[in-house]
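First chain A sits with chain B, and in the next complex the same chain sits with chain C.
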Partner chain A sequence: MDPAEAEFLAEQELVTIIPNFSLDRIYLIGGDLGPFNPGLPVQVPLWLAMNLKQRQKCRIIPLEWMDVEKLEQIRDQERKEDTFTPMPSPYYMELTKLLLNYASENIPKADEIRTLVKETWDTRIAKLRLSADSFVRQQEAHARLDNLTLMEINTAGTFLTQALDHMYKLRTNLHSGESAQSQDF
Partner chain B sequence: MFYLFYFIKNFYPTPPRVLLLVASDVDALCACKILQALFQCDHVQYTLVPVSGWQELETAFLEHKDQVKLLVKQDDDLEIPAYDDLFRDEEEDEEDSGNESEGTEPSEKRRRLEEDVVERTLKRRQKREWEARRYSAMVMFDLAWIMSKDLNDMLWWAIVGLTDQWVQDRITQMKYVTDIGTLQRHVSRHNHRNEDDENSLSIDCMRIAFEYDLRLALYQHWSLYESLCNTCYTSASLKLWSVQGQKRLQELLADMGLPLKQVKQKFHSMDISLKENLQEMIEESANKFGMKDLRVQTFSIHFGFKNKFLASDVVYATVSLMENIEKDESETDNFIRALDSLSRSNLDKLRQGLELAKKQLRAIQQTVASCICTNLVISQGPFLYCYLMEGTPDVKLFSKPVSLCLLSKYLLKSFVCSTKNKRCKLLPLIMAAPMNVEQATVIMVGIPPETESSDKKNFFGRAFEKAAESTNSRTLHNHFDMSIIELKMEDRSKFLDALTSLLS
Partner chain C sequence: MADMSALESGSAAGSEEEMEVLTPAQLIRSLQQAWLNEKFSPELLESKSETVECVLEQLEHMEENLKRTKKGDLKVGIHCMEVERIRYMLNSYLRCRLRKIEKFFPHILEKEKSRAEGEPSTLSPEEFAFAKEYMANMETYMRSVALKHMPPNLQRVDLLNAVPKPNLDSFVFLRVKERQESILVEPETDEQREYVIDLEEGSQHLIRYKTIAPLVASGAVHLI
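For the complex of A and B:
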């Protein structure tokens, strides 16, 4: 999967906005939205929030986990554990990136939040690399990783599967004389 | 773009569209940016047509004639008396007289509201005397503010529009200061966040700040030395074209305690200890050398760690992008590039503009120095006259109206400082430069005299017209600013004679 596709899926997450216009309920295929009244908070999917924000039609309320203390806790927790800890949202990376790029004036301490999320991301990717490395070394047949998000899987996944394919080809060529046992991957 | 317009007209139910005709002027560009931002927020379709003169305005207007419903004035050259009747008419059958037109078909309540507001603002504006000039960027910002859709970005463009008028010497000091005050209120409204630990804003957010900064052109993007040499105010006051002038400059630097080596370095690389109280130090020393107005009230924009620009920096960069002769591109391309450079996401264009502006300023100063040293400015009686010969270095740069105007103003200021003749100090200046060598045309501008209480009125428009009529010279009064004309090289001398007799 493309990172762009993962971002597209992330844009369905709901965020709270405060519009400055009024509009009746709108009925879309994915669900109903609205009604919009100036000054009253309403929940909308992220794609709509981004569009409205860029047209200066709303103010975005920061997500409740986008807070310096919470993110510090999450980061420290992640560093302590060997396995992956659950993240506040399955799309935390995409949400952070989109919100901080387009709505950073509505989010207090945006720079620190960006740094904290990046640190958490780095820790998790490092763990992913370690576990992929040990997986390959010990020639395991399957592995289980809890609490991974889609973006992280995408980052490692394509490379890992292609590398394993190559290794398989090299191995079968090496043992080409003997009867090759097929291996599950 | 025009064909698409007609295509849409023929094959779809006519959506409300707006036609924007924009002059080649930094102020008009800023107004255009504000309008574009408003249109993009409200999904209003518009067509943008750059026009550089009355002829182009007429052509573009006639092309879109059947779509135009309402004419809106956007320039401050309110010389057309018929505007009053025109304005109230909702029909399109008038001939061109506005400098920019907006056509809308009121269909939604919201658009009707916009139109009403536009009408009201402009009717109010019109009731003022036609001398009370208001430049379009400020009008557009007021429009946005009345509709409560104003943004920090639009405020910045309004500031750049105002600064452009000041740089080109089109408004009086008093008006400039008053308008700075008005804009300062808007700036505090938009940028007042108390930035304590609880609420700090991201460094990438755009902030505007009021500055009482040096009026040295581009000094933060150049070296202090270059900026001192190439700013009209310092160059004219110190008389830098002469040897004594150079010595005075060295004395000024010594008085400020700035070592020459530091001052010739790029400003960013100067010692921090020297930069700390730079503004006060320079002001004190400059006062001793007769430069009492070295600091000026202005604004600066700040986003990210690296990007800080003064309003005048942006003005110089945009002017040089708009009149760029380097790559032989069409005027429309230059216009679009200059328009783009006003967006914060096009920093590379802005930086390119800054480099071009440095070249332009250097060329202006060198030309001014050579004109004064070789006594090219001659008194024709009622006015001063200067002609740039074909072989002059950088003469191609001055075939464009705004650059030539800048050069003329700097030349007049420097000449007034250099001459001992009291009468000559009060004369206006007419400057001519070759415009197109194949067609043997010359571009000519008239600058009002340097007086303290000048209200910046320029009567050369009428004078040029009358002189052209009386001598049957082949002239083109195409430019929106009537004091800039083109004429054939052969008709130059009889034209000047006619002017001399007209004005004496």
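For the complex of A and C:
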């Protein structure tokens, strides 16, 4: 899966916006939204929030965890523990990226938040590399990966699974090849 | 405003005709899950043609209503965006299946041939037609380009052996939807012993597809 598809899924997450227009309830296939009244907060999926934002029809309220203090805690926790800690949202990276790119003026201390999330991400990816390395070394057949997010899995996942497939192929061919080899020579 | 109310009733109408009563929102979610599973699974999964048809029905209904409304309305724009998003997911799902059919066609057709009466097919009727046609075209092409120039004893090719099989041994990531007990994990090397694991609800794992293939089919685990 490429990052754009992970982003597509993240865009379904709900965010709160404050619209500056009024509109009755709308009945989408995926569920009802609204009604929209100027100044009154309402929950919409991120794809709609970003579209309205780009047309300057709303203000996006930052997600509850997009806060320097909370993110510092999360980052420190992530650095302290050896395992992956739970993230505030399964799409934390995508949401940060989208919101900071398209609505950074609605989010206080956007730059600090960007750095904190990036630091957390880096720590997690480093852990992921380490555990992938030991997984391959010990030739494990199963691993538990709680708290990893979709984006993280897909950053390392395709490469890792392909590598494992190749190794498996080489190993099984080695076994079956031993008897066949004598005929070739 | 009459056109608008017609548009709004659109989302509620389609669900009654379905076999299981799903709300449109649940329908979209099951399409999304089918899409993701198909994307990450090495083999072609069972066709979800019922879901696909219901989603198409919803989309057509909505587009029909949208045609009757005036342009430039904010509401119409939002509906259009949603329709496009769902269409993207649907197209991506169907394309992904077609790619697999093109890749593994002899094996998929073989499986279809040996399928017992009453067992659900992995292919929708359209996909079956596509696979057969693809197979026929492939054979004609090979014959006209290469085989007929070969010595007579080499003019046959067995596509079942020539085309690689889906690699069921490949590793996949999954999230557990319903708790499963006693999954047998086969050893990687001769020195290791096989062992048993439990899959807790909500936990995530990296494991060989073969081990959990039935769980993907039953919906107990989701591929990620």
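Everything below uses one rule, namely that the second predicted complex is superposed on the first by the 172 of 185 C-alpha atoms of A that agree within 3 Å, B and C clash if a C-alpha of one lies under 4 Å from a C-alpha of the other, contacts with A are read in each partner's own complex, and residues count from 1 in each chain.
FYI, a residue touches a chain if its C-beta (ideal position, glycine included) is under 8 Å from a C-beta of that chain, and two chains touch if they have at least 3 such contacts.
No experiment lies behind these values; they were computed from the predicted model shown.
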Should chain B and chain C be called a clash or a fit once both complexes are overlaid on chain A?
fit
Between chain B (first) and chain C (second), which, if any, makes contact with A:143: first, second, both or neither?
second
With both complexes superposed on chain A, which partner does A:100 reach: first (chain B), second (chain C), both or neither?
first
Where does A:161 make contact in the superposed view: on chain B (first), on chain C (second), on both, or on neither?
second
Touched partner set for A:56, first chain B, second chain C, both or neither
first
Looking at chain A, does chain C or chain B touch more of its residues?
C
Now for A:30: first (chain B), second (chain C), both, or neither, which partner does it touch?
second
Touching A:48, do we find chain B (first), chain C (second), both, or neither?
second
Is A:110 touching anything from chain B or chain C once the two structures are fitted on A? First, second, both or neither.
first
Distance of closest approach, chain C and chain B, by C-alpha atoms in Å:
6
Taking the stated contact definition, name every residue in chain A that is touched by chain B in one complex and by chain C in the other, in rising order.
57
Contacts from chain A onto chain C in the complex sit at residues 1, 5, 8-9, 11, 21, 23-24, 26-31, 33, 47-48, 51, 57, 135, 139-148, 150, 153, 157, 160-161, 164-165, 168, 171
Chain B residues touching chain A in their complex are 40-43, 149, 151, 198-205
In their shared complex, chain B is touched by residues of chain A numbered 55-57, 100, 104-105, 107-111
In their shared complex, chain A is touched by residues of chain C numbered 7-12, 24-25, 28, 32, 39-40, 58-59, 62, 74-75, 77-79, 81-83, 85-86, 88-89, 92, 167, 169-173, 185-189, 192, 197, 202-208, 224
